[in-house]
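Reading through the structure tokens given below for one structure.
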Amino acid sequence: MRGSLRVLVIGLAVTFVAAACSSNSSGGGSEAPGQQGGTYSFYNGEPNHLIPQNDYESAGTQAFQALWTRLVDFDPTTYKPVPAQADSITQSSDGLTYDIKIKSGWTFHNGEPVTAQSYVDAWNYAAYGPNAYILNFFFDKIEGYDALNPSSGTPKTKELSGLKVVSDTEFTVKLSNPFSQFEYTLGFDAFDPLPKAFYQDPKAFDEQPIGDGPYMMDGKWQHDQTINLQRYPDYAGTPGFADKIELRIYQGDAAWLDFQAGNLDITLVGSDHLNEARKSYSDTLSEEPGATLLYLNIPLYDPQYQNKEVRQALSLAIDRQAVMNAILVAETPADDFMPPPVTGYRQGACQYCQFNADLAKQKLADAGGFNGTLTLNFYADDTTLEQAMEAVAQQWHDNLGITTKLNAIPQNTYFSGSGPIYTKKMTGPWWDGWTEDYPSIQDFLEPIYGANGGYNTSGYLNKQFDSTLDTANQQSLDESIPTYQQADDMILEDMPAIPWGYLGFNTVHDDNVTNLVKVPGLDELDLAKVQVVGASGASASAS
Amino acid sequence: MSKRYLIRRLLLVVPVLLGTILIVFALVFLTPGDPVARLAGNKPLAPSTYNEIRTQYHLGQPFVVQYLYYLDGLVHGDLGATFTGRDVSSIISERFPVTLKLTLGAFAIEVVFGLLLAVVAAVKRRTFLDSAILVFTLFMITVPILVLGFVLQYVFGVKLHWLPVAGIRDGAASYVLPSLTLGLGLAASLGRLARSNVLDNMQGEHIRAAIARGLPRRRVVGRHVLKNSLVPIVTILGLDFAYLMGGAVITETIFNLPGLGNALITGIKTQNGPMVVGLVTLSAIIFVFTNLFVDLLCARIDPRISYE
Amino acid sequence: MSDDLLPPPESEVKPRSLTEAIAMPTGGKQLTLWGDVWHKLKRDKRFYVAAFLIAIFVLMAIAPFLFFVKDPNACAITDSTLPMSKQHWFGTDILGCDYYTRVIYGARTSLEVGVIVSSLSIVIALTFGASAGYFGGWVDTVISRWADIWFSIPTILGALLVLTLFNGGGPVLVSLVIVMFAWPDMTRLVRSTVISGKSRGYVRAARTMGSRGRRILRRHVLPNGIAPVLVFAAYVVGSSVGAEAGLTFLGVGLRLPTISWGLQLAVADTRFPEDAYLMFWPSLFLCLLIGAFILLGESLRDAMDPKLFGGDV
């Protein structure tokens, strides 16, 4: 069982990361319009919530992909934001204010019009501290956030001062500081609109959410069983093909067996069964790198690891491909600090990520060797990961002559605020990962290695790196990418962490469906584009 | 039995359950880690969000205060909520029927197969059939439940398509393989035990006398032997029933059944205190009352058992 | 006089668990001659099968090198999941280790768990069970109610909770945690046996002759209570080996680099049904080990129970 780090929240339930890509991608969405109709079933995990502002794992976002239409989607080749529900987004010359116009004539599934107010109210609600919504932190770049989230006491206002409704279809967003990537962030579900019905009873809404996407709920969310969707007839965008979609909730391996038995139309394939899928389902299997970077983080606060040549040696000494052939089959070796479906990714950028035992030995010798035992830390209760870590430790031992030890830490403590990562008490390199919130190179640099990065847990500090990021943040979106890449170059030399691999988004499907398309830049399947073969209202799957 | 005895037994339930809750609560409380921080994976929550959720669940409070909050909720019929805001009581009421159906299915298999095997083996003792049953039951007891589950699932679900593989979409058929997984081992244990019990009773003088009198063997076995073997068998059945929820954990995981065992695993792994305490307490309640029921039933079957 | 001082009602001596029922004497037997038991065991085929298998497993545990094994840690990731061959009798596992070697080495861990759990259970049961049964009164009340609380939590659930607390561990810790929830079974058994033994003539006689309580307990009551305990201990070995495998499978038991059948099953689970042999071998060994102890328990029980052997079984 594997788990992505964002997904790890619900851990066990969702076993593989969601990310999507087109199988039969050559055909893709440009094919002659297929016929509508039919029902199909797709693997999903049990979401934490079905309120976009209160959920942060892939099972939820996969459902939101069909239930809502986001302000922006991403370009399939450059991964830059393109307007979706938004009509246009314009940045002011000082870079602080964004003017967002939305398309008119759109409605929620209950018929209520989608207006600028639907957005502003939803954002205010999520940003209001006492509501304790999980995605609250997505709004911290907007002016007035601090007033809604005081360090103590009740906030005096319930509205972000940076949000202004101009008309039914236009509103403006003022940021506290310029942030060139703000448009990217609008592609995340935190920024989806909510209808008035939500505020009357958020708890009931959670059981049967009302969005503005191509599909609406078909009955209530049946916890741990299914989320049933049906096509929304009055959808103003491109309508979906299938009449109904059954998002079937599985834990663990049951989904793979159910697919093999012919009871499930589409499933995701993780490391455990990918080799088998390559053999038995090669014609419908699609494999593409998803939006997660997996890496070995390094305790830079430990003197042993402060010489960059030690870190380079550790990275050079691992034969990533060998481990991925045998164990972590669903991963591909990392060659940059961010995965391919991200603006700014450069293939082969990481020279120290190539397996080279001789160079590794030499680097370690130059650095004066490694004293004592190297402890490799990872989270417990993941058999496949445990095997992989054993293999990595073995390679360090064989290729560098280092004595190694494995240390499995419970998932409950691993990522907790009082755990060894945040308190900087890791005893050696540790297994880590970063699932993007938006497909920009910035999301893989600043939060992890920036001086004020929310997840700078290695203690990396590089003033030149920080000032380069500052510059890029204040540029326009297009200008900023090469500047971010300069910052990337600095850590590619410094190696404050060891990039390991990219977690694939791999799907297989049966003969009942066709035209599986990945949502560009995100780890999701485009549910609306899936066509049911020979559909004329005939029920698809089931047993 | 006397009413006084019944009342005493019922009163004893209270301290036992309070103790159980306390132990489970303490175990969950002592587990290191931070369930709230994990709501966003490894990404840091906004401090305001984090603090607000911790306050809602009394997480900053000392152990005793949290325990009292829980008991207070309990007497008001509130079993608490998960960290994703769902009421534990609604989760339990949603999932209870699933586990109950699985349990009853397994129980039926245990009773029917177990007793059948026992009687056949005992009556045909020292024949090939007896030996075959003994070997078969020994195998069923020893094979790990997870291996049995996977094999049944693969053979009858994936390969032969006879029965559903996972979930509960297909009504009663969905419960056949899980019930077999859970029930076959129990049936085998019961069968072996009941066989020696039946044999034991067949040595009894009144049985020998009955057979000597020329009564049909089958009738003797049915009427007299089984009846005399009933008390220990009922006791075992009661215990198996009471413990079935514990056994359901692995079975429900394999077959993706949305039952209580599955919820418990999720609860433990996401460190969901109220859910874990609620489920284990429920299991203890079922256990205690099944036990009581069995004692009363035994007194009915065998009047020689007296209760003071 | 409170009713705690009265002799316990008959009902409280009846079996409270499957294993207890199997182990409990079915007749009012008094076992005085161990030689008699041995004599009966010698005629029981089951005993030979069990003894043979257990001997093999014990050898595996203490001297694995006798079984033509390789270095269990000589693994190459490039040799992952090779099929059976002359070099690798059971093939190789995912890490490329010789699976035959790893399965043989697993016997040590399983036996370790079985032996620790059963011997600790015996110690606890003989201490607390015998005290509760013999002294009765408040001693009995305290011990019995305390046992009730732990008894009401199914072992697998309780162990799951506690092991989560400890973040898994080695065979010793896993064994201790299993004991934590399994001890009430045997304690209750000893208590019942002592209660029924206490009223026997020879105990009364000893008492009237002025023997002190502790001495009577040690010299007369316990030796007669030990028979069902031994039978039960054999079952405990089997069931605790199974419990370890289950807990490890659920992710809270043993961890690498420990070699255990439970861990092998957990790994095999991720590759089922493709690499089914990964599941087959540890399952087979597990079945044989547990089966051997069940047979041992059954043959012991029958040997110690005169009633069953009176007839034509």
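By written order: A, B and C. Residues from 1 in each chain.
Just so we're on the same page, a residue touches a chain if its C-beta (ideal position, glycine included) is under 8 Å from a C-beta of that chain, and two chains touch if they have at least 3 such contacts.
This is a predicted model, so every value here is computed, not measured.
Participant: Any chance you could check whether A-C or A-B wins on number of contacting C-beta pairs?
Facilitator: Between the chain pairs A-C and A-B, A-B carries more contacts.
Participant: In terms of Cα-based centroids, which chain occupies the most central position?
Facilitator: Central chain: B.
Participant: Give, as an integer number of Å, the spacing between the C-alpha centres of chain C and chain B.
Facilitator: That gives a centre separation of 20 Å.
Participant: Taking the mean of the CA coordinates per chain, how far is chain A from chain C in Å?
Facilitator: 48
Participant: Cα centroid separation between chain A and chain B, in whole Å?
Facilitator: Taking the average C-alpha coordinate of chain A and of chain B, the gap between them is 40 Å.
Participant: Touching two or more other chains, which residues of chain A qualify?
Facilitator: Residues 257, 381, 410, 412-413.
Participant: Give me the residue numbers in chain B that touch at least two other chains, ranges are fine.
Facilitator: 31-32, 154, 158, 253, 265, 269
Participant: Quick one: which residues in chain C touch 2 or more of the other chains?
Facilitator: 164, 251, 269, 272-273
Participant: List the residues on chain B that touch chain C in their complex, please.
Facilitator: 12, 15-17, 19-20, 23-24, 27-28, 30-32, 125-126, 138-139, 141-147, 150, 154, 158, 189-190, 192-193, 196-197, 199-200, 202-203, 231-232, 235-236, 239-240, 243, 245-247, 249-250, 253, 264-265, 268-269, 276, 280, 283-284, 287-288, 291, 295, 298-299, 304-308
Participant: Can you tell me which positions in chain C touch chain A when the two form their complex?
Facilitator: Listed in rising order, the residues are 75, 77-78, 80-81, 94-96, 164, 167-168, 251-252, 255-257, 263, 266-267, 269-274.
Participant: Provide the residue numbers of chain A that touch chain B in the complex, in ascending order.
Facilitator: So the residues of chain A touching chain B come out as 4-13, 48-49, 56-57, 129-134, 136-137, 140, 148-151, 203, 206, 223-225, 248, 250-252, 254-255, 257-258, 260-263, 381, 410-413, 415-419, 421, 432-435, 447, 454-455, 542-543.
Participant: In their shared complex, at which residues does chain A touch chain C?
Facilitator: My answer: residues 1, 253, 257, 272-273, 275-276, 319, 322-323, 325-327, 380-384, 386-387, 390-391, 394-395, 406, 408-410, 412-413.
Participant: Using the touch definition from the top, list the residues of chain C that touch chain B in their complex.
Facilitator: So the residues of chain C touching chain B come out as 3, 6, 9-11, 14-18, 21-22, 26, 145-146, 148-158, 160-162, 164-165, 238, 242, 245-246, 249-251, 265, 269, 272-273, 279, 283, 286-288, 290-291, 294-295, 298, 302, 307-308, 310-313.
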